[in-house]
Amino acid sequence: DQLQLRDSLKMYNSLVERCFVDCVDSFTRKSLQKQEETCVMRCAEKFLKHTMRVGMRFAELNQNAPTQD
Amino acid sequence: MASPSPIPAGVTKEQAFSMAQTEMEYRVELFNKLAQTCFNKCVDKRYKEAELNMGENSCIDRCVSKYWQVNGMVGQLLSAGKPPV
Amino acid sequence: MASPSPIPAGVTKEQAFSMAQTEMEYRVELFNKLAQTCFNKCVDKRYKEAELNMGENSCIDRCVSKYWQVNGMVGQLLSAGKPPV
Amino acid sequence: DQLQLRDSLKMYNSLVERCFVDCVDSFTRKSLQKQEETCVMRCAEKFLKHTMRVGMRFAELNQNAPTQD
Amino acid sequence: DQLQLRDSLKMYNSLVERCFVDCVDSFTRKSLQKQEETCVMRCAEKFLKHTMRVGMRFAELNQNAPTQD
Amino acid sequence: MASPSPIPAGVTKEQAFSMAQTEMEYRVELFNKLAQTCFNKCVDKRYKEAELNMGENSCIDRCVSKYWQVNGMVGQLLSAGKPPV
């Protein structure tokens, strides 16, 4: 479960990086602007929902693992 | 074909544990790459809303399915070419 | 909100050490991703000179500040949605 | 050799990711189409041959390591 | 500090990769050309200065950690 | 200049082992990045055939050689600027 913690921290860092890259492009101020914040929140929520969905599908495939396709 | 190598007979408990850990790291990395890749392929990056829409959801399901197949194909190619690791 | 999880009470010394190491790995990765990302956002890739110019320097400072804020926002979102890890 | 196993698994995951990204772009069905399969197989073979070649060159350079260039 | 060594090696590898990708694009010879060398040196110096600056800012933010933004 | 740091004298066996492992991880990562980068620079991504053609092969050889040189240059720059790690 130490491994699991490490993984979730890795996922966390990837999420932050992705949402920052996709949402923040102006560096004329040092604070996030309103629309950047909105973008980051949506990005993060979307990514979490995506990850949960992928997790479900992935678990299904792993159960029927020995033979697939 | 998803798991790249079954644990061979006659290994010590320590080795088995270490192998199981490696196997798990492999699965975690597979999952992470799959998740990142399907997000890139399927999700609209303009983030107009916080929900995944129907098109995105069905794209994700198919993406996972296809990624899994590619994973299996590559596994077969590798195990055909040379003895298991 | 920068650190994702405080060390809970009642853990063994070994566990605490292991957690501290994981925490540190997390910070190192955060730093590396931040550094790579801000380099991509702020630095001219034609490399006409070996120095960072004034525009690049102030872009970097703001980039670090904004990245830190995004890190905090995501931390809050995650800790709001579910119990700490 | 545990390390080696881990590496080859890492390489394996990168190979799968690369060939998937380069070859699969349509998500109207849940199964790979024929031309996607062909593309994946060629991609994988090409990447393996590439890796072997790089490995040979890399080994040569490592042997003459102390001074190079 | 073993961890620190490993990190600095990781950083080193990323630096080499980045400067190679950004500066080397012609493969008609097996040796670096003069302008490629210049580009690599500037890239490496710039990246190191960048990393030091980010490190300073990062340390400041970590000190005021509990509350930010 | 390829290896970033020779093992200094007067270290325990455990430390030496740990260093050797770190050194090896470094080489593995160097190799992986080199392989990925040269594939990107040299190989046609349309995958019209399963073989590397002559142009790709000679591009790969030169790419490896140049990557190695860049690795050496960066090593020299770092060891010139500050004492070895």
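Lettered A, B, C, D, E and F in written order, each chain numbered from 1.
Everything that follows uses one rule, which is that contacts are C-beta pairs under 8 Å (C-beta built on N, C-alpha and C of every residue); 3 or more make two chains touch, one makes a residue touch a chain.
By chain, with names taken from UniProt: B, C, F = Mitochondrial import inner membrane translocase subunit.
Because the structure is predicted, anything quoted here is derived from the model rather than measured.
Visitor: Treat touching chains as neighbours and tell me the shortest step distance from chain A to chain E.
Guide: 2
Visitor: Between chain D and chain F, which partner chains are common?
Guide: The shared contacts of chain D and chain F amount to nothing, since no chain touches both.
Visitor: Centroid from C-alpha atoms only, then distance chain D to chain E, rounded to Å. What do you get?
Guide: Chain centres of chain D and chain E, defined by C-alpha means, are spaced 25 Å apart.
Visitor: Between chain A and chain C, what is the separation of their C-alpha centroids in Å?
Guide: 15
Visitor: Provide the list of chain E residues touching at least two other chains, using ranges where the numbers run on.
Guide: If we look for residues of chain E contacting two or more partner chains, we find 10, 14, 23, 31, 41, 45, 69.
Visitor: Return the residues of chain F touching two or more other chains; collapse runs of consecutive numbers into ranges.
Guide: 25, 42, 61, 65, 69, 73
Visitor: Quick one: do these chains touch in a line, a ring, a star, all-to-all (complete), or other?
Guide: Chain contacts: single closed ring, each chain with exactly two partners.
Visitor: By the touch definition, the chains form a closed loop. What is the full order round it when you set off from chain C toward chain E?
Guide: C, E, F, D, B, A
Visitor: Would you mind writing out the residues of chain F in touch with chain D in their complex?
Guide: Result: residues 1-3, 21, 24-25, 28, 31-32, 34-36, 38-39, 42-43, 45, 47-52, 56-57, 60-61, 64-65, 68-69, 72-73 of chain F touch chain D.
Visitor: Touching residues of chain B toward chain D in the complex: what are they?
Guide: Where chain B meets chain D, its residues are 4-5, 18-19, 22, 25-26, 29-30, 33, 37, 40-42, 58-59, 61-63, 65-67, 69-71, 73-75, 77-78, 81, 85.
Visitor: Quick check on the complex: what are the chain A residues that touch chain B?
Guide: 3, 7, 10-11, 14, 18, 22-23, 39, 41-43, 45-47, 49-51, 53-55, 57-58, 61-62, 65, 68-69
Visitor: Going by the contact rule set out above, which residues of chain A touch chain C in the complex?
Guide: Going by the criterion above, the answer is residues 2, 5-6, 8-10, 12-17, 19-21, 23-25, 27-32, 36-37, 40-41, 44-45, 48.
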